[in-house]
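Okay, so subunit A shows up in both of these, paired with subunit B first and subunit C after.
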Partner chain A sequence: MGLEITDLQSGYGNIEVLHKISLAVDDGDYVAVVGANGAGKTTLLKSISGTVRAKGGSIVFNGNDLLARPAHKVPQLLIAHVPEGRQIFPELSVYDNLMAGAWLVKDKDQRAQTLGEVYDLFPRLKERSGQMAGTLSGGEQQMVAVGRALMLRPKLIMLDEPSQGLAPKLVTEMYQQLAEVHGLGTSVLLVEQNTTAALKYAKRAYVMEQGRITMSGSSEELRGSEEIRKAYLGI
Partner chain B sequence: MRSLPTSRPWRIAFYLVALAALFLAPVYLQSSYSVRILVLVCLFGAASTGWNLIGGYANQISLGHTVFFGIGAYATVIFQGTLGLSPWLAIPTGIVLAVIVALLIGWPTFQLSGHYFALATLALLPVFHIIATYWEDLTGGSVGISVPILPSGLDTLQFDTPTPFFYIAAVLLVLVMILARWVRQSVLGLQLDAIRLNPQASTLAGVNQFRAKMKALVMSAAVVAVAGSLYGAFLQFMDPDTAFSWNTTLNLVLFAMVGGVRFWWGPALGALILIPFGEFASAQLTGNLAALGQLAYGVLLILLVLFQPRGIGGLFSIVWQKATGRKL
Partner chain C sequence: MDILNHVAQSVANGLLIGSVYALISVGLTLIFGVMNIVNFAHGEFLMVGMFGAYFASTAFGLDPLWIAPLIGIAGFLLGALVERTIIEPIIKAPQSAQIIATVGLGIILANGAAAIFGNNFLSVKTPYQGETFSLFGLHFAATFVYAAAYAVVMAVLLALFLNKTRFGKAMRATAQNRGAAQLLGIDPKRMYMVAFGLGVALVTLAGSVILPYTLVYPFIGQQYVLIMFTVVVLGGLGSIRGAIIAGLVVGVIQSLSTLLLPSELQNLPVFIVFFIALVLISGGVLSRVRNASVKLKRS
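Coming up: the complex of A and B.
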């Protein structure tokens, strides 16, 4: 069970970006997809969340065919997508931003409890709950975006370059918070250019080049691979 | 804003004062000319508040809402003038017809992203103007329909003074504003906010954009149709130029933008400021000076858009925040 992608072909208009990609994220897994700019990592996540329509292959999550669903119905399966570049609702308060991630959760008590958990994870958001999200710092906006995804209590959380534009200290913090989320049983699918960080925290990883998966294995194996060290880690 | 339960008594007190000021207006205004202007404020304020449900809350700019207004207006004069039926029956008829048109325009365009909705609504107005002009059996063509003078009373919506009609229009305005406030604070309001601020992220949060927009559009069309029905009853006359006029479209958008589209009370505030201003300017500035009034109006609007794009409501909320330290 979990997420299973087989021979996925996807892209924009007539341009195919992903050429028959297969990968899997098992229950409780922590998987990273690393690769250079333009390799197709973002397209992969968008195809899973349905914001880009796949052209071939299959994406199945816990027995549900994702390609048969419109994008707004994917979150109903408890898949949360944190898109690239701090996609928040700038004119809404932090509280309203978080609540925007929870309207599929009908149970009021669960909403309140999850909100408490998100505030525990990101105490800064609790302090700023009444503030307009657009006025927060970059790191805090990223917390809002991740927090909104967590409000769904996802089984699978997908993150697109969460470390982008963050100070090194905040990158470490963000990944430690993510590790906590994973520790509570959420599967993680992470897309990162920051290969060092990705291979440090993920259990397994795929390497993507020009729309194809060229390598995969445990993070430990990949960290030891000569090719990876040269091409992505710079050591 | 949502989730600010503090200082509730003050809020309620303020609403009561505003309500009293509205309903006592005929007492302190006295002249029936002023009361007539207030009727227009209420009707167009209600219509603009209706426009704002989709145009402001979700930023789906409609340039065709006059069509819903005109449908409501024609329903009244046709019912009362041609068929001899009660204008009160025209109101639900107008709502049903307006909602059908809204569904037909929203169904194809809301499945697309971008400006297709605005473009489609832009085309709607000339189409209805032409229909109203050439379907003479129904609308009386370009001559229009006049309602004969009937015994005055609530059942005919004809009165000897404008004051009773003002109370009906004021009740409509209050009801529409309650609806607008309720939508603003409901889950739908939050979804429309999300669509306006970040459509992509709203989908990822599980918002069915199509359905949320359709709900807002249907409510919006219904509200505008009711305002139109009462407008028809107020004028006791309708022709294509009055019912399907560009001016109405511009005014609905303008009142909302001047008052502040982010606020449920914004469009009504805009109507309250701009309608008397326009009437005053055209009454005082006659002859060669008429152009001057329009010029001043234009300059004021440009300044407002440049310096306070969130409208007078935005200005209020800044002052309020400075004074009380809390958001409005």
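Coming up: the complex of A and C.
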């Protein structure tokens, strides 16, 4: 079970970006997809969440065919997507941003409880709960984006470049917080240009080049691979 | 004293009429804010509300002010239907297609009304039409006071809906970032249908509310559309609070101008304000203010 992607073809208009990609994220897995800018990593996540329409292949999550769903019905399966560039609601308060993440959670008590958990994970957000999200710093906005996704209590959380634009110290913090989330049983699918960070925290990884998976394995294996070290880690 | 009294009376009248201007315009800015669609048929929906209220009140012998909520509900359903059938197919189309669709809808509504009801001026009779209230030596026509009271109530209800309810907040989230809202499971199509329905509900309700002091005819939408657009542009496209303040400002300017200008020229200063708003302050007066306050918070 979990997420299974088989021979996925996807892209924009007539331009195919992903050429028959296959990958899997098992229950409780922590998977990173690394690769250069333009390799198709964002398109991969967008195809899963349905904001880009796949042209071929299949995406199945716990037995549900994702390609048969409009984008707004994908989160009903408890898949959360933290998009590239955060995409917070700038003129809603931090609290309202987080609560928007719980749109599908009809149980008021669950919303309150999850909010408490998110505030425990990101105490800074509690301090700023009444502030307009657009006035926060980049790091805080990233917390809002991740916290908002967690409000769903997702089984799978997908993150697109969570380290983008963050100072190194904040990157470490972000990944430690993510490790906590993973520790509570949430599967993680991470897309990163920051290969060092991704391979440090993920259990397994795929390397993507020009819309194809060129390598995969445990993070440890990949960290040891000569090719990866040269091309991505700069060692 | 005499001049002061005139000015005070004029400002008071302007605030009353201005709150009605806010009510007729706020739906236009709501629709734009959420959907990024300029509803050029907004004036014609006002006309539809007026005709609906006219016929309902003459048929059942009820006051348009009592009928107004029902007209608003009917307007909501009409707006939702129009959104699904006419707006939804062109929501991602080029702007020219959107303009033609809503302008065309307005032409069809106005000419359709003329074809069905004839190009006549109609009005309702209410017992309070000649009444005035007096306060601090100023006099207020009852029809304007009731209409303004409706406007205030609707503004409060709209603010509560957008700021305090889950659905209203989800609508604002969709307005600010449709793609991100979709990723959270919010259905943008549903939000668009409700937003357009609400916009039409507000303006048709307004049509019912203003009926006691004005005439209705098939092309009355054209008379109001300039004011609507002035209010919405002055307040900053998509800003509810901006539209409410701008409605009051336009009402007061128009009312004060009658002290100096003959009343048939009362739209001239409105034109001038509209022109200045378009040329000098493209984001609207209040968006400037809002941005400034955001900057202040940061520093």
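In this text, the second predicted complex is superposed on the first by the 235 of 235 C-alpha atoms of A that agree within 3 Å, B and C clash if a C-alpha of one lies under 4 Å from a C-alpha of the other, contacts with A are read in each partner's own complex, and residues count from 1 in each chain.
Following the convention adopted for this analysis, contacts are C-beta pairs under 8 Å (C-beta built on N, C-alpha and C of every residue); 3 or more make two chains touch, one makes a residue touch a chain.
None of these values were measured; they are calculated from a predicted model.
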{"item": "Overlay on subunit A: subunit C relative to subunit B, clash or fit", "value": "clash"}
{"item": "Partner chain(s) touched by A:Leu104 [first = subunit B, second = subunit C, both, neither]", "value": "both"}
{"item": "Which of subunit B and subunit C A:Thr135 touches, first, second, both or neither", "value": "second"}
{"item": "First (subunit B), second (subunit C), both or neither touched by A:Tyr12", "value": "neither"}
{"item": "First (subunit B), second (subunit C), both or neither touched by A:Pro83", "value": "both"}
{"item": "Intersection of subunit A interface sets (partners subunit B, subunit C)", "value": "49, 51, 70-76, 80-81, 83, 87-92, 96, 99-101, 103-104, 148, 152"}
{"item": "Interfacial residue positions of subunit A with respect to subunit C in the complex", "value": "49, 51, 70-76, 80-81, 83, 87-92, 96-97, 99-101, 103-104, 132, 134-135, 148, 152"}
{"item": "Contact footprint of subunit A on subunit C as seen in their complex", "value": "166, 169-170, 172-173, 176-177, 179-188, 294, 297-298"}
{"item": "Subunit A partner contacts - residues on subunit B that touch it in the complex", "value": "1-3, 187, 190-191, 193-194, 197-198, 200-209, 262, 327"}
{"item": "Subunit B contact footprint on subunit A (complex, rising order)", "value": "49, 51, 70-76, 80-81, 83, 87-93, 95-96, 99-101, 103-104, 130, 148, 152"}
